[in-house]
Structures are given as C-alpha cells and as structure tokens.
Amino acid sequence: MSGVTMTMAQAINTALREAMAADESVVVFGEDVGALGGVFRVTDGLAATFGEQRCFDTPLAESGIVGMAVGMAMNGMRPVVEMQFDAFAYPAFEQITSHVAKMASRTRGRVRLPMVIRIPYAGGIGGVEHHCDSSEAYYAHTPGLTVLVPATGADAHGLLRAAIHSPDPVIFLEPKKHYFTKEEVDVTAPVPPVGRAVVRRAGRDATLIAYGPSVSVALAAAEQAADEGRDLGVVDIRSIVPFDDETVAATVRATGRAVVVAEAPGFASVASEIVARVTERCFHHLEAPVRRVTGFDIPYPPPKLERHHLPGVDRVLATVDELQWDAS
Amino acid sequence: MSGVTMTMAQAINTALREAMAADESVVVFGEDVGALGGVFRVTDGLAATFGEQRCFDTPLAESGIVGMAVGMAMNGMRPVVEMQFDAFAYPAFEQITSHVAKMASRTRGRVRLPMVIRIPYAGGIGGVEHHCDSSEAYYAHTPGLTVLVPATGADAHGLLRAAIHSPDPVIFLEPKKHYFTKEEVDVTAPVPPVGRAVVRRAGRDATLIAYGPSVSVALAAAEQAADEGRDLGVVDIRSIVPFDDETVAATVRATGRAVVVAEAPGFASVASEIVARVTERCFHHLEAPVRRVTGFDIPYPPPKLERHHLPGVDRVLATVDELQWDAS
Amino acid sequence: MSTSLAVDGVVQLVDEHGHAADPAVLPPTAELLAGYRAMVLARRLNEQAGALVRQGRLAVYPSSHGQEACQVAAVSVLREDDWLFPTYRDTAAVAARGVDPVEALVLLRGDWHCGYDPTAHRVAPQATPLATQLLHAVGVGHAARLRGEDTVVMALCGDGATSEGDFHEACNFAAVFAAPVVFLVQNNKYAISVPLARQSVAPSLAAKGAGYGMPAVLVDGNDLAALSVTLSDAVRRARDGDGPTLVEADTYRVAAHTNADDPARYRTEDEVARWLPRDPLARLRTYLIAEGVLDDAREAEFAAAADEMAAHVRHGVSAEDVVDPAELFAHVYARPTAQLAEQEALLRAELTEEAAR
Amino acid sequence: MSTSLAVDGVVQLVDEHGHAADPAVLPPTAELLAGYRAMVLARRLNEQAGALVRQGRLAVYPSSHGQEACQVAAVSVLREDDWLFPTYRDTAAVAARGVDPVEALVLLRGDWHCGYDPTAHRVAPQATPLATQLLHAVGVGHAARLRGEDTVVMALCGDGATSEGDFHEACNFAAVFAAPVVFLVQNNKYAISVPLARQSVAPSLAAKGAGYGMPAVLVDGNDLAALSVTLSDAVRRARDGDGPTLVEADTYRVAAHTNADDPARYRTEDEVARWLPRDPLARLRTYLIAEGVLDDAREAEFAAAADEMAAHVRHGVSAEDVVDPAELFAHVYARPTAQLAEQEALLRAELTEEAAR
C-alpha cells in the first residue's frame, strides 16, 4: 500500500481537495470553513487553493446553509456543507427531512440532490453540551438519505469521495474523536462502494457489530478478549443507509452470537435496528439474543462524566460474557 | 361506564377544557388554534371560553411556538402547544431536542418544563405531502421526552390529562385518522398512568404489538384471524416513552410469537426498538423471530398510493402466517 | 425606475377605478393586454379547480382568486431561463409559466407530489412547508452566479411565511451573497385564519428589507401595471448583479384558505366585500377598454382561450392516470437499495394476489 | 430619554478619551462608579478564567474581554425579579448578577451543563445553541405579563446569532405580543472567524428592528454610561407594557473566540490594536478620575475586591467536587423510568467493581 501517514482530518481534507480539483461543480461552505479552515481544520487551505467562490463562509444559520445547498444542487452544483457540530445540525432538520431527503421522490427522480452534509459527530473529546451528540438515528430513519460513518482515515477519505460522487444526498458523519488520529492512508486506493460493511477482524466465537467511533472500541475489546481466549470478530457497518445485510448476517450466522456497539442512546436507535434485522435474518442461528452496548438513554453527559456513558471495552466484554455461553 | 359519545377530537377538546378550568397556568397556543379552533377543530371554543390570554394564535413559526413555550414553562405556566401537522413540527426540532428534552438534566432538575406538544400525526386521511408523517422515532430516540400516542378517544382524553399534569415535557401524538371516529368516552374515568401499555385483546397464539393508528388495524386483523381460527392478542403500547416492558414481555412470553405493527418507516424506528427489546427479554420463549409490519422505507406516498404503504390487515395476517407455525 | 423602489407609500399605477394617474410610467399597452389575458386564464383556472374540488375530482385547492395580478406579473417579468419558486397557492403562476395545469394539479389530485418536470420549465415544485423554498431559490440563484450566468430567481411566499425563520435566513443569505433573487410576498392578509396583525406589527412587511440591507417595495398587489414595473425593476437589478429585492404585494385572499376552510369563523363577509372593488381584473379591464385596446371581440377571444384551457383541465384531471405503486420505490435513491427492492417485491406480490382474487 | 432611542447614529455619552459631551444626560456618578467597579471585577474574572484554562483547570473559556461594559450594564439595569438570558460568552454578566462565578464556571470545567440554580437568581442557563434562548426569554416575559407581573427580561446574543432563524422568530414574537424583553446584541464583529460583513450587509444590526415594528438603538458598546441609559430606557418601556426593544452594542471581541481559537488565521493584530484605545474600563476610569470620584484608594479597594473574587474562583474551580455519575439518570425525568433505573444499576455495579479492583 502506497500510504501516507495522516490524521483523519487530513484524510477528509485530501478527499475534498481531490473532489474540488476534479470537478468544478463541487463547492464547500458552512460556518468558519473559509479563512479559519473549520474549527477542526478539516477545510484547511481550501479557500486559498480554490478561491472564495469554491470554499466560503456563510452567515451563521444552519437551515440557511442546507437550504441554500439544496438550491445549488438543484442547479448543477455538488455542494459539500459542514455543520459545525452534531447538535448544530438540528436547526437544519426541516430542510434535511422535508427537502434533502424527499426532493428526488417528490419530483419522480427529475430533481436529484447530489449534496453532502458533513457532520463532526459523537463524543469522546470532552466537549461541552451540544458538541457530542450521536444523531445518526434521526437521519437513518429518514428515507431518501444515505448515511455514511467512517471509522478509519482511509474510509473517511474513500467514503467522502464516494459521497461527493453520489447522485443522492449523503449525511457524512465524522467521528470527531478520531480527527487527530494518525493512520496510513492510501489516497490512490479505489473509492469504496457505498452500502458495504467491512469485516475488520475475523472471529469465530461472537461478532461485534459497530460503526464510526465504536469500531476502535470493538477492536480493542476483541484484542482483550483474545488474550482471554475468546475469538471475537468485528464488523464495521460504515454505511448505515444503505445497510449491508449480507455481510452482517453472514458473519453472525457463522458465530451465532452478536453484540452491537454504538454511542447513541439505545432506544429507537440504529443499534435497535441492527438487533432487529440481524435477529429477523439469523434467528435460528442465534445461541443468545443479540445484545446492545449503547449510550444510556440520557442527554449527553458533561465532559467529566462522559466516560461512564460511552460504551467502553469493559462494558462490551461484560455483555459478551452474558451471551449464554453455557447453553451451547 | 358513564360514557358520552364523542369524536377523538372532542375528547381532546374536553381534556383541554378540563385542564384549563382546573389550572390557571394551562395555556394553549399555536397556529390557528384561536378563532378557527384548529384545522381539526380540536381547540374549538377554547378562546371563547377561556379568553384570548389562555388560548391564542401565534405568528407562523414552529420554532417560535415551542421556544416560547419553553420560556413560559420556565416561568410557571403549563403550555399546551399545537403543531399543525407532523412534518410542520420539524422546524421546531432544535428547540425540542436541545431544550425541551434537556432542560431538566441541564439544570440538575432545578428547571423542569411541564409542557405538552400536541401533534396531529400519521396518515390515512389522504393528505398531501408533509401532512402524514409518522415522526415518533425522532422523539422517542431523544432522552428527556415523554412520548404518548393514544389509540382511542378515551385514551386521548385520559392521556392528555396525564400529559398536562406531568412535570416532564410530553410529545402527544394524535392519530389524525381517528379525529372524527366516534366512541363512548367516560370523562370521569381516572386519569391513566403514563408508562403503561394496555392489552386490548387477549390471545393465545400470537401477539400483535401496536400503537396509535395501528391499533385499530391490529384489532381488525385479530378479528379476522379469529374467524380463521387463530387467536391473536393485541397490546396497545400507548406510552412509547416510558416503555412498559412488563406488560409487553409478559404477553409475548405467553404466546411465543409477535408482530409489531406501525405506520412509520421501519428502519431505525420504534418498531425496531420493540423488536429488539422484546427479543432481548423473551428470546427463549420465542418460536419465531419477532416480525415487523411497518411503512416502507420511503417518503410518505401521495394520497392515491398511501393504502399501499400503510400496514393493513392483509399484510399483518400474511406476516403472522410466516411465524413458523410448523416449527412448534 | 426609482418610484417603484420607494419604501414609503404603496406603488400604484392603475387605481381601482381603472384610472392611471401617469400613463407615461405604465408598461406598454400590448404588455398590459397580454397580462389581462393571462389574468383571465388564471381566474378561470381558479374557478375550474374550485369546481373540480366540489365535484370531488380534486382533493383540495388553495385558490389565488383575487391575487391573479401577482400570479401573472411574477411570471411575465421572467426570461425563459429564469426560475420560479411557487407555493401551494401559486398554481395559476405555475400555469402562466407554461406548465400544463393538469400536470400542476397532479399534486392536488393526489397522484404524486409534483406532476411536472421542474427542470423543463424552471419551475420548482410547489412548496408546502412554508418559507423553506426561499432558501432553495437563493441556492439556485447563487449557483447560476458562480457559473457566470445571469439567471434570476422569482421566489414567492405569503404574509404568514414571513414569520418563519427560513424567511429570515433566505433574505439574509440572498443579501449577503448578492444573490439574484426577487422575493415576492403576496400579503393576502391571512395565514389560514390568522390575520396579518398576528404576523407582524411592523408598518409593512416591506419594512423587513432594511434589516437585510435589501431594497424593498410595497406595491398594490391588485395592480398588474404596478407589479410589472416593480418586479421588472427588481429583476433587472438582480440580473445586473445588484442583488435581491423584497417586494410586498398588498392583496387579499378573496376565497377561503382552501375548500376545507370555513372563513366565517374568523372574518366577516363585509371585510371581503370591501376588497371586491379592488379586483385586479376589473380595474385593468376598465383601463384597457378606456384605452380602446380591449373590445368585445378581444374579450370573447380571451374567454374562448379560457374555455379551452378549462376544458383541457377538466378532461385531464378526470382521466384515470394511475401511477404504478412500484414507483414509490423507484426514486428514493438513484439506484434502489436491496432493502427497497425487497419491499417493492413484497408489494408487487400483494398486488398480484389482490388482482388474482 | 429620546436620544437613546434614535436609530440613526450611535448613542455615545462618554467618548474614548473619557470625555462626556453633555454630562447632564449621564447616569448619577455613584452609579457609574459602581459600574466601573463591576467592570474591574468582570475584567478580572475574564483574566482569571483565562489563566485557569492555561493551567488546564478549565476546559475552555470564551472571554468577554473588551465587552465588560455590556456585561455590566445588561445586569445593572435589572431589578432582582427580572430575568437575564446569557450566552456562553456572558459569564461575567452572570457573575455580575450575583451568581457565584465558581458555579457559573461549572459548565466550562466540565462537571455539569449548568452549575447554578437558574431560578434562584433568575438567570437562565448560559445558552450554547445560538439564538435559541431568545425565544425562551420571550416566553418568560410573556408568562409574567399573563400573570400581571411587571418583570422584564434581558436577552443577550452575538452578532453571529442574529443570522439564525430563531433570532427572527424571537424578535417577531416579542413584538407581536409586546413582550417585556430587551434584546441586547453584543456586536463584537466576529462569529468565531466570520466577520460581521458575512453576517449582514445592512447598515447596522439595529436596522432589523424596523422589520418587527420594534424600536431599535445602536449604542457604543464600550461606553458604560451610554449603555446604562439606553438599556434603562428599554427596560422602562418593557416594564410599562410598551414592548420589546432591540439594542445593538457596537463593541469588539479583543480576545480569541476561545482559547482553542487561532485569530491569526482571520484577523490582523493591527485591527485588534485599533480597538484597544476604545477600552470600556479605561475611558470610564479617566472620566471618573476627572470627576474626582475615583482616586488611588478607591482603585485599591476595587483591586482588592477583584483579588478576593479571583482567589475565590481559583480555589473553587480547583476543588475536587466530583459529581456522582448516578446523577446522570436522576433528572432526565422527574421520576426515573424503569429503563433508566436499570441503566443506573448497571453503572453502579460497574463502579463498584471498578472500585474493588
């Protein structure tokens, strides 16, 4: 692999650069994405390289940003907009649910919206209230949206290229705790397909199903379980919508046991969906009910308490322990 | 039962009247709720009876309505606001998720928001786009909100009284297809508790789990199944949050088979949650995976096509047929 | 023309008696005649659609009766490559733009959410969620500007919609980016039952322009001449790169909000009656007759065109043009997901079974 | 006082050289002296909090350095039973209102989202989602009016926040309901990195008042005297039932957005330097010395008070005051649900096990 070591933020920056260089219609805008390069520096240098017409700051209004992107996408552009933090995408919720998601259906496919809404997402950075929400369920529940969540720098790069290339609108959730995680990224690798999960680790005893910020937790748990003699596989969903039933179900059928790991509150969540659909598909292969390790059903905690809320290795392994091992 | 025959709209109107008469701090506001009495006439006559200070129209802005209600609840009132239709609550989404749901936690319980957001909800009335969304998943996934969905006139009356009385903010989803369904309602009945499901029909063979507009569908399906010799029970969830695991799990354990019926798109929905938690709790009692009959994962269809989308008796019974009856 | 950009006072060129104080500032008579004809068609469309609702052939129709001058002027000032962003109430404007009214009525007949191809006529889908479309209009305009095109976007909304946050964000974005957008607020005094006084206590809705650094004009919304001149000016400014304009049209919703509405609950017949003499068609008719360009023959000609259009609408709306339910799955994504393909298969199987019964 | 309600021109009573053109219109000297003292404390709080961030004892601090006149005046014009709605940047205002600054800093120390009791001092939690709190302010005010109370609400926001839809809806609701709210926009020229020119191309943010039918005033935000007079007027109007006022304070964010920010990326040192001579403390100090009411003894007294406050903050912020994690479940609902009780039990068991290891 002809990789370069870079942070996830740099991988995303690289993807944006490549897309902007390749296609004049790609424009980047949002709050502080211009001169500042974004509060996480993800858009660093784009305004300087591509000019203020291609990368620009907007007035401070998220509904405005998304609504304007809708119009630009209606008129031949491929906007890539940034919501500064997860909870600050909520003012744009109406635009997202009532227009971004529905325009193609509304117009019988005559008006498609090739746009990407990038959202620095989830917790683990000690951010104050409103800066750490895991909001994927809202989007995943809304038909018409594609919802991608990279867990690695390589996927952040590749999936963002795929997202910008997509004819459909994409919610692109960037696990902010990994923004500054360094990794070797091969920017020449082929763009991964949208809608495919990936097995990050094979394992015979049970399957951990995770996405985004929880993939590293699942991998660490599997590592530790291995020391204790239990062989856990890890599936990284990557694409929440469309969902890759094939990969996930095949893995769970093989192990007969599964735990879903996700940061968001568990109730009516993507984790619930994964439990439901895996159970529907693998029922007679299951030795134990599919379990969830999720955030609690509480508002995101203050920084000093977030470690209690977030699914950690211990909680994952404790849950794996409960998968009725005696029964088999 | 000392009932009076009335529509669900009248039952809600009665509950509002009683609450306003009993407590000066109860105020009703929203779009067209004053002179017009609401587009569904749910607030009919309240302005005339209680004066324009207690029931009034606002400027046309849903975030404004909910945000103002937050402030009024902070300052001693019990606002009951109406969102005109389900999809028109989305502009208020930020206020709902970031404030309504979080204020009590944010302030360590020092500021509670005793407010109710009434939302005419779901489909079945041939409404044009944006008038028929089933949006319960968005609210149910948001910790801090109580989410109630009556299926009958009596519950609409009783649960709304309970909602207005609650110290916590309540999302009150009114199945608009039942607004003009007539029913005997005993307005002197004790106010039902929040958080309790109710068994609408006992049944030994399998359990249909439904809420709101789907309860009547489930009951009709059970009726038809009975003719065909299959004894289906029906549980009406009523209170999505808090969720009554006890009642639901007990019923499913007894039958060993269950189908969840709901109008909303199934992906990452309340139906997913019910499948997941029932499976977690009843795994070894299940003869077949818990199944879902939900709306498709598509934007709400145009009026002439909605019947294809909505879970109907046939689809429910076809799914019941698939519950692996040979296996037992 | 500077008069039309004055914020104080209402721009009016032809008064309700059909009298023009200063004929020199009026648009060419031929243009006014064409506008009158278009208003005749618009009125007829409102009437025909209303009749179809009463016959149960349309589910619902929000009429622009009384607002036909706005409906026509909003469109007549546009070039073919400009864009129109209409609301649910603006079916007549959509038709004036050249969209087949039968296609426009697909929404209200319940067959689909939008029956026409928005790109073919550069007419956005008629917007239901209030004020949301104004932001799309800004985006369409800004995209054109980035490509160096001189497209202009005409964005419509009602008085009620001005209270929404999206109205504010759209005006502000347009002003900050000098986007080529004309915001035309049809102030018809009601948002369903809620009167203007509950939307705003500002002296006018045009007064909002100042807060965005945007020129704003209050114009007699029942005066086609005044609207045409005002909107043309605004379009020219936008086209020249001088940014957006806010135009408030002072008009009145003569009909109910929709057929489902009961206006007796919130306004008097007297109030409506006071507005009827200000009818946009009547005054222009008087003026054109006085000018000698409108005579019985012309009127008959226009009436015939309206008849023809109405017949086309009656016929088209009544045709049983059933949408294949499978289309529900076809457009959600460019390529249906496996999940949707499964759901479509389920529905198809059900339909086959249903048909077999 | 009518001068302070003039929209054209900036209300200024004490210029940057400490000179008062018309001493007769100034607030009583004792009041100004008290205001100066409060600004000294506010500045010290900004400095102390900044130091604690550098020491790693606070996670983050958005400083109001340079905006102390706004912070102090917003509070000094209120009665005890009035309400204050502050933002994340308004910690100094919260402290000026009598809230223990240590409690206010709980948010930024990361222990909890709000460390004080909002009802005790009638200070809402410091708002993070921009402009959202303005609507709550309207609701609090409207509720008071419905009960016949003459409470007034002071609602703060920044220049950036005026672009949000909620700003628009709050102003409009307040105007329509004549709610007793004073909107104080601290126009400090930046929203993080985004300069005012990207928020608005209107001649001023005060110009937005016209669109709501709301009196609006542009005031020198570094002139405590001008702010006090202007805000007092606005509070009086609100109290008298005459509705809301929009006050734009022309000021400058001297410090970075927060410690995490790098202003070198978007503004020059020169620009900052040009604002320093307009410092709110320096000019009032000059004026008060010239008036003979401020001398070295007084200054020493104020400095001592500031020292004491700073020591209290240092000590309080450093105290290990750990919140019981179980509290995460305690307040979500008035009575924890069975589901939350289960989750709390899980956490408690984990913590017990952790402790045992």
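A, B, C and D label the chains in the order they appear, each numbered from 1.
Criterion: a residue touches a chain if its C-beta (ideal position, glycine included) is under 8 Å from a C-beta of that chain, and two chains touch if they have at least 3 such contacts.
These are the chains along with the protein names UniProt gives them: A, B = 3-methyl-2-oxobutanoate dehydrogenase (2-methylpropanoyl-transferring); C, D = Putative pyruvate dehydrogenase E1 component, alpha subunit.
Small disclaimer: the values here were computed from a predicted structure and weren't measured.
The chain pair with the larger count of C-beta pairs in contact, out of A-C and A-D, is A-C. Farthest chain from subunit C, judged by C-alpha centroids: D. For this pair, subunit B with subunit D, the centres built from the Cα atoms lie 40 Å apart. Centroids built from CA atoms put subunit D at 36 Å from subunit A.
Between the CA-based centres of subunit A and subunit B the separation comes to 30 Å, rounded to the whole angstrom.
Residue positions of subunit B touching 2 or more other chains: 58-59, 61, 63-64, 87, 90-91, 94, 98, 102, 105-106, 129-130, 143-144, 241, 243, 267, 296-299. In subunit C, the residues touching two or more other chains are 112-113, 129, 163-166, 168-169, 172, 176, 198-200, 332, 339.
Interface residues of subunit C facing subunit A in the complex, by the touch rule stated above, are 83, 112-114, 117-119, 124-125, 129, 132, 134-144, 146-147, 165-166, 168-170, 172-173, 176, 327, 330-334, 337-339. Within the complex, the subunit D residues that touch subunit C are 163-169, 172, 175-176, 198-203, 207-213. Across the complex, subunit B is touched by residues 63, 87, 90-91, 93-94, 97-98, 101-102, 105-106, 129-130, 137-138, 140-144, 241, 243, 264-265, 267-273, 275-277, 279-280, 283, 286, 288-292, 296-299 of subunit A.
The residues of subunit D lying in touch with subunit A in their complex are 59-60, 107-113, 128-130, 160-161, 163-166, 191-194, 198-200, 260, 262, 265-266, 322-323, 325, 328-329, 332, 339-340, 343, 347, 350-351. The residues of subunit A lying in touch with subunit D in their complex are 31-32, 34-37, 39, 57-61, 63-64, 87-88, 90-91, 126, 128-131, 267, 296-299, 301-305, 308-309, 314-315, 318.
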